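Take a look at the structures listed below.
Shared between the two complexes below is subunit A, which has subunit B as its partner in the first and subunit C in the second.
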Partner chain A sequence: MTLRTGSTTEESRAPAAVPPVRPAPKKKQKNFDGYWPWLFVLPTLLGVLGFYIWPIIQTGYLSFTETGPFGGEEFIGLDNYQTMLADGNVGQALINTLVYTVIVLAGIPIALLMANLVNQPGLKFASFYRVLFFMPYIAMPTAVALVWRMIYNGDFGILNWLLSLVGIDGPYWTSTPGFAIVSVGIVGMWASLGFGIIILGAALKNISPEYYEAAQLDGATKWKQFTAITVPLVTPSLFFVTIISVINGFQLFDLLYAIMGQYNPALVQSQSLVYIFYNQAFIQNDKGYAAAIGMLILVVIGIVTFFQFRMQKKWVNYV
Partner chain B sequence: MSKESLSPAQQGANSVRTHLVLGIIGFVMVFPFIWQLVISLSTNDQVMSVPPTFWPGDLQWGNFVDVFTKLPFFDQFGVSVGITVIRVIGQVVLCSMAGYAFARMRFRGRGVFLAVILSILMVPPQVYLIPQFQIIQNLGLLNTFIGIALPGIFSAFGVFLMRQIFLGLPLELEEAARLDGANPFQIFYKIMLPLATPGISALVIITTLWSWNDLLWPLVVTTYAEKMPVSAGLATLAGSITTDYPVMMAASVLAMAPVLILFIILQRRVVEGLAFSGSK
Partner chain C sequence: MRKLTRLAPLALVAALALTSCSAPAASDEAVTADSAASISYAIWDENQVPALEANIAAFNEIYPNIEVKIDITPWAQYFTKLQTQASGDTLPDVFWMNGPNFQLYAANDQLEPMTNVIDDGSVDPANYVEVLNDLYSYDDVQYGMPKDFDTVALWYNQAILTEAGVATPDDTWTWDDFHTAAKTVSDNLADQGIYGVATGLTGGQEGYYNTILQAGGSILSDDGTTSGYDDPKTIRGLQFWADLIADGSSPNLQQLSDTPHNAWFTSSKTAFFWSGTWSVAELAAASNTLDLNVAPLPQDEKQATVIHGLANVVSANSANKGAAQAFQAYLGSEEAQTLQAEMGAANPAFIGAGQAFLDSVDHFDLQVFIDEADNYAYPFPVSKDTAAWTSIENELLPQAFSGARTVEDVADELATRMNEALAAE
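The block that comes next holds the complex of A and B.
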């Protein structure tokens, strides 16, 4: 994401040195494109400033305030942040969010294997398999969550019935602390595989078949080809999928909300950061505290993403 | 993929084993959807039976009728369609115009404004959600579909995507049109926009998917069931104590159906669009 503004202006100014093709190019640069650009940019600019930038500043301010019983904000300094750091529920929510994110990340190698399988040259019915693989990613998370609730149901869910066939007495998956967040994580992984398959599939198509032909002549097995050619060459895309998966993982809300429901006894121990945020802001109506939690989410994502970029050099190969 | 020259490796791609593995994985991936259909056509007693009823026998199509008579599903569906259409049109118009200006026009503050717009990509939605809600509330737009749609017609991602597209188009066409005396809007609308179709279709696909499936924001700005989009309606239904599972499943089938059907028809485009936006 480089801003190319600088270089473009330089390029467009350059003709001044060579014999002018158009009359007085320099003057034209100063005039730019008149009012036209504003016509194009202003609606978006105002919308973004009004609906995003201003709210971001406002949230920063809100996080230092307390919402009074009759509305209105009172400045309370760092109180919200102090409360937050001491709040066990927030700590638990952070852990839950991390657990969920790690489970989703564990899906990336699976996505790579699946992308590799479905992108084999000459594979028949490939587009049919792709539809099957992508459906969970395209489908509405809330709707999907309701089905998984049925599958996970402790009394009559098909999962526990399957487990009972091999003599395991399955728990109440979605209402037992500990199990609940893992159950949600598995759905999250299943739902996000499609994203990895799409991005990694596109990367796989860019690998020159010559590498594989050469490896085959050297007698490399399929698995060896996969680990020695495929994996290193898709590391930039793996990195991208990892970054996006972490960011999305931290946004866990839809699946948790719909799988667990609002009256779940295990909810307090199973909340995600965004769930706590939603609950504080719009159910408890403690907007100041919720704003502080929002800032925490910003900071945590920032730190995690920063370290991912730092570690990038250790494993990502840019050809 | 020319079929005449299949290398040994390519023939190996179609071994029984490969298709068996793909078939099993595919089945696991779509099993929840199959199960959803089975439940939606069962009776509540069958759903709660152990061992599970794998085939309801007498298909309960009435469950799908109940979705419309017992739930405000029809209204919710309308809201979902409404907000998605507004957001898609809004984003295509606004993002392509802004993206074009940032890619091809010269004006004071261009770099700064672009940086300001793109900066919101780095920020999780929770950081602007509360004030957004307050704005919509102050505008008296809670429980209206304009209120649900509004912030989402502006998109930093869309601006970035469209800017990348326009940066990739050749300069010569514009120069020629300019010499012919076309004004910047004509150049944009008649010449550049048609060339940006791949980007626009990616934007339409991404916005449709996001808008249709989005839950948190609609949940925040709506309180009446009949004013909610389908996603929020379903989530609220799930929270309530009702245990009419087959109707709930039928509703969830109908909720995801439009997007899934579109995807199956436009499969290649959707995949390209998503991959394309990921590579930018």
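The block that comes next holds the complex of A and C.
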């Protein structure tokens, strides 16, 4: 308290003695650490500028042009965006992408429960389980997709065979509009469970066992301990996993492409945003329109992530 | 300063390297047996590499100092990569081209015309199947050296036909004969899950392009400017497939999506399979190959099949154009194409060189494909931007084949949108 009073008096006296501009440059000088730090971040900075920022600017520019088949572009203003608004397939793709993302997000609570099970003290083969759950995440999406294609096969697949044992006549999972995107979503959820389990498992290990001991002494049940101690303390990791899952969800392409196959009659009703982007850019060679769809994806992910960061204050606990 | 002087020799070397790089660009003059060059040759089919390497070895006996490097890119990425290379002026010197993509490259000045090699007599277009010369000509200038060709015929499984009590197909079969036979198989062998016919309906080459032509309709007008889908005869050609699916003679589109058409046939789950020359190798290696054989397609108003083939083309921006054109011409020679046929790589476009292809699989009656090409083959429909309207076909036609909408309704919308796409070329 005395210190503060001292400094205030000094400050109040200072303007009278010296010109008022003086404190500002002094502060600036203090914050400038020379050029060395820039040199150290330069390799990363160049990579980010060259491979992320510059392509985004280029894509932004291309989205206002009509491109020729072998390069060369002509400025056409907002035409591509007008086409996009009128294109029903883009709206459908946005809905499909959202449905897929929600299904993948539904896997996070499951991942938390499973991480909790795998981290039970004294569990045998704990690392074996961790490896097992993580395998689908590191497997090539195309390989995963091919296996699931066989499982989902309407006539000869194991899923419909199992359903037939209990008297259910299963649908053609990957080629019935409506079912298809959900089928792909389930694979996406299954494949990303391992990622959630590893991240959340690490967070669980950081929780001090003393909290649980204290809770036990107070007579809290296992479930109560889970909801009152575990969940609040892993919210920073939950937040991280949510952000990553949403971004990955919006970028859905390879799983969909490989599971649906090229002969699929439900393809038009089941496209994702990135699928339409790919189709326009590389099959139809309309790179200008594809760039506009790319900008839409960027903006949608940006908005969603922005709101997630705004919302985190309400539910994430940083200890 | 000292550092700079130490770098000076390096700069000199770099400058020399640059000038020596640009030097070969001037080698447009005639190639002789002593000409030295290195050219790249881009293809997509790995199965054909042994035959092409044999071709290159024979080519090097004439031009020992021209080195040819084969560059394989899988089919799925081939044209994506090629387009990127074309945009960056780094196309391979010689590369494979197909019908749907040809006009796009020719119209945008990416390909070297064959005018000079035809004028100096090293290539005679009369030696090749005529529709292929036409397919690879743009504004009456030929750019592509026909390499091989494929026609579509009716593959059948004799064991299934015998079991179902259906006669073996022959060149007198009409659509009705075929439909009745397919329906009989589906009905009689339903307990084994066997269907009459499975054929690829994504893209028309195997199925609906053929029936459209047989019915007397067309996919694209002769001048390539208007759609033929609003012609009642074209609609009749589409209806043929919708009917087969509707009465269970063929698996439905969902079944064909989950299990591809060729897998149905090679697993002995269908009696008939409409497919082309390119299936010969796959069907010869199938486990049920001894039950399989091939017959002409059934006819409606007339007999018809689409014909398509690949061509070797030279990049307009090639630094070694002379060497590249010499190689292109050699690949078209009777010697080179006979060798390809002997090694079972392809059915050669050189008229009369196909005997070796016919002998490549004893138990298939491959003469059918050659007879079709000679008597009633129609060119594969292409325009300047073929991909723009084939993607509309793939978007709309499943609704007609699945019965979700009537064929007339879908064909009407398809014609309208295809005409818009053609007008935009």
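Criterion: the second predicted complex is superposed on the first by the 262 of 319 C-alpha atoms of A that agree within 3 Å, B and C clash if a C-alpha of one lies under 4 Å from a C-alpha of the other, contacts with A are read in each partner's own complex, and residues count from 1 in each chain.
Keep in mind that, in the parts below, a residue touches a chain if its C-beta (ideal position, glycine included) is under 8 Å from a C-beta of that chain, and two chains touch if they have at least 3 such contacts.
Since this is a predicted model, take the numbers as computed values, not measurements.
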Partner chain in contact with A:W54 - subunit B first, subunit C second, else both or neither: first
Which of subunit B and subunit C A:Q262 touches, first, second, both or neither: both
Touched partner set for A:Y152, first subunit B, second subunit C, both or neither: second
In the superposition, subunit B vs subunit C on subunit A residues touched: B
Which of subunit B and subunit C A:L238 touches, first, second, both or neither: neither
Subunit B versus subunit C as contact partner of A:L98, first or second or both or neither: neither
Partner chain(s) touched by A:T174 [first = subunit B, second = subunit C, both, neither]: second
Contacts of A:L123 with subunit B and subunit C, given as first, second, both or neither: first
Partner chain(s) touched by A:V246 [first = subunit B, second = subunit C, both, neither]: neither
First, second, both or neither for A:W190, with subunit B first and subunit C second: first
Overlapping contact positions on subunit A, where the subunit C interface meets the subunit B interface: 149, 155-156, 261-263, 282
Touching residues on subunit A, where the partner in the complex is subunit B: 1, 3-6, 9, 12, 29, 32-33, 36-41, 43-45, 47-56, 58-59, 62, 114, 117-118, 120-125, 127, 129-136, 138-151, 155-156, 158, 161, 190, 193, 195, 198-199, 201-202, 212-213, 216, 240, 244, 247, 250-251, 253-254, 257-258, 261-263, 274, 277-278, 281-282, 287, 290-291, 293-295, 297-298, 301-302
Residues of subunit A that touch subunit C when the two form their complex: 68-71, 149, 152-157, 172, 174-176, 260-266, 268, 279, 282-285
Contacting residues of subunit B [partner subunit A, same complex]: 1, 3, 6-7, 9-11, 13-14, 18-19, 21-22, 25-27, 29-30, 32-33, 35-36, 39, 47-52, 94-95, 97-98, 100-102, 105-108, 110-111, 113-120, 122-135, 150-151, 153-154, 156, 159-160, 167, 183-185, 188, 209, 212-213, 215-216, 219-220, 230-232, 234-235, 238-239, 241, 245, 248-249, 252-253, 255-256, 259-260, 263-264, 267-268, 270-271, 274-275, 278-279
Subunit C - residues contacting subunit A, complex: 80, 83, 86-88, 104, 108, 110, 193, 200-202, 251, 253-261, 385, 387-388, 391, 395, 398-399, 401-402
